[in-house]
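Same chain, two partners: chain A is paired with chain B first, then with chain C.
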Partner chain A sequence: MNEIQLLTWVRGPGLDIAVGIFLLGVFWRLFEIYSLGRKKDLSASRSAAGASGWHTIFRRSLPPEGMVKKSPVSYIGGYTFHIGLAIVVFLFAPHILLIHSLTGLSWPGLPSQFIDLAAVVTMAAMVVVLVDRINKPVKRYLSTFGDWFTWAVTFLPVLTGWMAVQHLLLPYTTMLALHILSVEVLLVVLPFSKLFHAFTLFGSRWFNGQVNGHKGVAV
Partner chain B sequence: MSASLEKGVRVLKEVIDAPIASYFSSCVHCGLCAEACLFYTETGDPKYTPIHKLEPMRRLYEQEYTLLGRLKKMVGLSKPVTDAELGEWQELVYNSCTLCGRCSAVCPVGNDIVYMVRKFREGMSASGHAPDGIKGAVNRTVTIGSPMGVKLPAVKAQMKHVEEDYGIPIPLDAEGAEYMVMLSSMEIINFPEYLGAIAKIMKQAGKTWTLCSTAFEATNAGMQIGNSDLARVIVSRIVEGAEKLKVKTVISPECGHAYTALRWEGANLVGRPFTFQVKHIIEVLGEFQEQGLLKTEGFETDKLTFHDPCQLARRGGVIQPQRNLMKMVAKDFVEMPDAGYMNWCCGGGGGASAIEEGEELRLEAFKKKKSQLEAVKPDRLVTACANCRIVLEEGLEHYQMDIPVIGLTEMIAEHIPDQTKSEGA
Partner chain C sequence: MHGPLIETLARQGVTRRTFMKYCATLASMMALPPSAGRAMAEAMASAPAASKRPSVIWLPFQECTGCTESITRSHSPTLEGLIFDVISLDYQETLMAAAGHQAEEALHAAMAANDGKYLLIVDGSIPLGLDGAYSCIAGKSNLDTLKEVAKGAAAIVAMGSCAAYGGLPHANPNPTGAVSVSDIIKDKPIINIPGCPPIPTVITGVLAHFLTFGSLPELDQHGRPKAFYGETIHDRCYRRPFYDQGKFAKTFDDEGARNGWCLFELGCKGPVTYNACATVKWNGGTSWPVESGHGCLGCSEPDFWDGGGFYKALSMPADPLKLAGKAAAVGAAAGVAVSFVNRGKKSAAKSAHETTTLADLEK
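Our next item is the complex of A and B:
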């Protein structure tokens, strides 16, 4: 298989398979998690202003008081790479074109120089959080194969995409094929790894906030 | 698999619900929960990271309730939960967790970690891995009636003393009273001032109240150990007592877990909504204060600070009333760092104070409270939980800090003029 054939495959059947597994995986995982249900709470509720599941969904995106100081790398590094990823994935013109071709939806992108910068910053932040995971006793203690693997699976699409645009190391066609392939790996892995937090964190925050809302605790 | 382990695993499978599945699926191993846990911050040992305390339960969840986990289990790629492992986890699930809930308050993906610890304890208890200290407390509560072995005659003796000291009758089994007052053994044995304080406060407010001869003990070690069957037995006594006496409100004493057991878990344990309200004494005092039924005179002039019991504030939503009450009688009321919603636990909640072998760790964790206190250097420490009070006193003594600990209810009562004519009665 030469690079053109590889590119054709990853753009065609490869993408179909990956998107298929991703969609089915997401659907299945959401089902297997939330269909477990929970018992109705029979205690009398005490409502309070600003206390509900919805409040918590938004509020938990902000660090609780004093926590940034305790773990600056987690927060600053975390924000940086999450926002960076969102910019690179959703505001790079070629990505928008792809999304347009798949869904018909479209929106304005950002200049490629800006995306380039965002990609570099994102990768730098990801390296910093990786080093933090190795250095910090708690993070190292908690880390399993899944943590290192999902880091790599998230990092590779950014790296290969950036290298393709910069025409580094390998010919553009080859690098582009590898980039798309790495995204496909990410899509397949996402529903079945800790990356699935991208979906479940909303449910988790809602449950937590709802229970606290029931007790009249605004969190 | 031993019979007890089998039972434990069955119970665990039963308690795993959508929130737990969502929480386990959301964890990214960021470790921020460790920063919120005093057992980690004071020891620096990563094994005390809250989410790690749930590892056996997480694996069981994965193996039983996820497609990938079931496949892994089928081909023998997963590590089964063993008796030895649960035994090893006892220290993490009980000794080093007071169910304080700070971890649940900081988790960025929103995991209610302490909710999971509470559920994990159900499996630990069923598989015979609960600590002897709490087991003893539960057995005494179920068989004798209270965790410290207090029986009705002891309560009656105290009632008599209080009646003599305060000159106020203490009603017992008065049908149709507005409030049914609960006690904790700790109050019956160590802090008899509490009952006297209630008598004075109720008299001034002109409210009818009663103790109940079949349900005077409010604490619920069954909940702390994680045995819902026993927790139900204990809570049912209170429900039956309250319904028999047809009271409007049951008042949970100055005890954090008694409040959670009765206010939030009680109806779920008995399987139906209560026909009466449940309020912590601090909530009741707060209402009396708002309605002008609580009138005090004079002020404490030394420097006072308030320790928020976790189950009352963070897990119970009662944060402002105690502050309003403090200001009513204290000239120099100072707040510790992190006071209120994010206050640090005394280190002995959730049954931890009943675990003898956990004492060393508990005193280590108390360094957090010590540093909070050193930041404001109070003359006295006020709280609203008899268990916090005992644990605080032990810690303060260990670190040779001369700070007396007092209950808020009794401090308020001391400022009620003796000759007040009851109003509205």
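Our next item is the complex of A and C:
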């Protein structure tokens, strides 16, 4: 298989398979999680539980008081790479073209030089949070294979995409094929790993806030 | 500087200065040091008299003669053509006056007289299907001819994508069993000059290199001279700034197309194609496909015919969402099935639950 054949495969059948598994997994997991249900709480709600849920969704996106100073790497590094990922994935012109060709949706992109900067900052932040996870005994103790693995499958698409654009290490064609392949691995892994927080994050926050509000600790 | 070539050139009205300029251009195009221009000029100028010019044998196999067309048409009265006066083109079916037995005689005479020294140029792929019956010359299959002529060659130039990779005949489902020269010949230095057709300057550049240094230039992983195939069309494209700015032509007749914006969305394969079109251009530097308003087809890459649609942007995949509905339905069904299992577990746990009474604790 030469690099054009690899590229053709990852853009064709490879992507079909990856997107298929991704959608299948997302629907499977969402149905599974939300169909578990909760026991009805028969006590009278002590405060507006639903509103508390919405409040928690928002509030937990902000660091609690003093926490930024206490663990700056987690908060600043975490923010940086999440925002960086969003910029690189959704505002790079070729990515928008792909989404447009699939869904018909389109929006303006950012100059490629800016995307380049965002990619470098994102990778730097990801490396910093990884080193922090390795260095801090508590974090290391709490980390499982799932954490290291999801870090790698998130990092590789950014790295290969950046290297493809910068023409590093391998010819552009090969690098582009590896980039798309790494994204396909991410798509397949996402529904069945910790990365599924991309879908469950707000739902679980709402539940937490709602339960707390019901108990009278609206936060 | 004197020599048979200089005299021939002078007779044809080409000055020494023009010849030196040509050699310097050729050397700089191949990214050789400035001194190489002079070395080339001296090597070519001092080439022995006409009877001893380096022999070149050109074998046409399963091809469309486009490669020959490309070279003859563009170099015709220019200096590049004169390079062919330096060599002795002993066999070229399209260009030679001889035909039939005379042509075959010329071939065998050249092979015998220059055994181990002649340069073999091949254009077209070699069909292996039906024992090679798909393409025969003088009653012999292309496979037999190639093996026979390659034996005494100093080096082989695979001209065009067919000879280099199998090309169009090799495209899926490859009915004739077409293969490239390098699939058959393993014991000779082979240089691939792919393209459909390749750029004429590239072949003359490689010939000049061979005559000057007696060796082949540096090659990439596909056996192509790095001097010409070292960078992608995209990286050298004059429309590249529009790509970086995100300005794309959406159709062949919209405002973007008229403004000369990037053709990426219209299927240009420039980013994955290594060739010199963007710098050397075609027809004596007049223009090239992207300049004329059409995206690159990627003709110098292996299997470009099977690389997806010519008018499909590189970042646009086949159609991954065609199965989206089915995948979502299967996923939802799996989720519902799992939820029933979970509920079953829950109720089983509930019914298996034994209540502990005060009496139990006092036991």
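The rule is short, and it goes like this: the second predicted complex is superposed on the first by the 214 of 219 C-alpha atoms of A that agree within 3 Å, B and C clash if a C-alpha of one lies under 4 Å from a C-alpha of the other, contacts with A are read in each partner's own complex, and residues count from 1 in each chain.
By definition in this document, contacts are C-beta pairs under 8 Å (C-beta built on N, C-alpha and C of every residue); 3 or more make two chains touch, one makes a residue touch a chain.
These numbers come from a predicted model, not from an experiment.
Partners chain B and chain C, once the complexes are superposed on chain A, both fit on it without clashing. In the superposition on chain A, A:Thr8 contacts chain C only, with no contact to chain B. Considering which of chain B and chain C touches more of chain A, the answer is B. By the document's definition of touching, of the two partners only chain B reaches A:Leu42; chain C does not. Measuring from the middle, so to speak, at the Cα centre of chain A, the directions to chain B and chain C differ by 170 degrees in steps of 10. When the two structures are aligned on the shared chain, A:Arg29 is found in touch with chain B and with chain C. Look at A:Leu102: by the touch rule set out above, it reaches chain C but stays clear of chain B. In the superposed model, A:Gly216 makes contact with chain B only, not with chain C.
In the superposed pair of complexes, A:Lys136 makes contact with chain B only, with no contact to chain C.
Legend: residue contacts after superposition of the two complexes on their common chain; A:Lys70 is shown touching chain B, with no touch to chain C. Using the contact criterion defined above for the overlaid structures, shared-chain residue A:Tyr172 touches chain C, although it does not reach chain B. Once both structures are overlaid on their shared chain A, chain B and chain C have a minimum Cα-Cα separation of 5 Å.
Under the contact criterion defined above, the residues of chain A that touch both chain B in one complex and chain C in the other are 28-29, 32, 35-36.
Taken together, the chain C residues at the contact with chain A in this complex read 232, 234-235, 244-246, 248, 264-265, 271-272, 274, 298, 301-304, 306-308, 313-324, 326-332, 334-336, 338-339, 342-343.
Of all the residues in chain A, the ones that touch chain C in their complex are 2-5, 7-8, 11-13, 15-16, 18-32, 35-36, 93-95, 97-98, 101-103, 108-109, 111-113, 167, 171-173, 176. Within the complex, the chain B residues that touch chain A are 16-23, 25-32, 34-36, 40, 44, 46-47, 49, 51-52, 65-68, 104-112, 115, 263-268, 271-274, 277-278, 314-317, 338, 341-342. Of all the residues in chain A, the ones that touch chain B in their complex are 28-29, 32-39, 41-44, 46, 48, 51, 56-57, 60-61, 63-67, 70-71, 74, 78, 136-144, 147, 192, 194, 196-197, 200-201, 203-209, 211-212, 215-217, 219.
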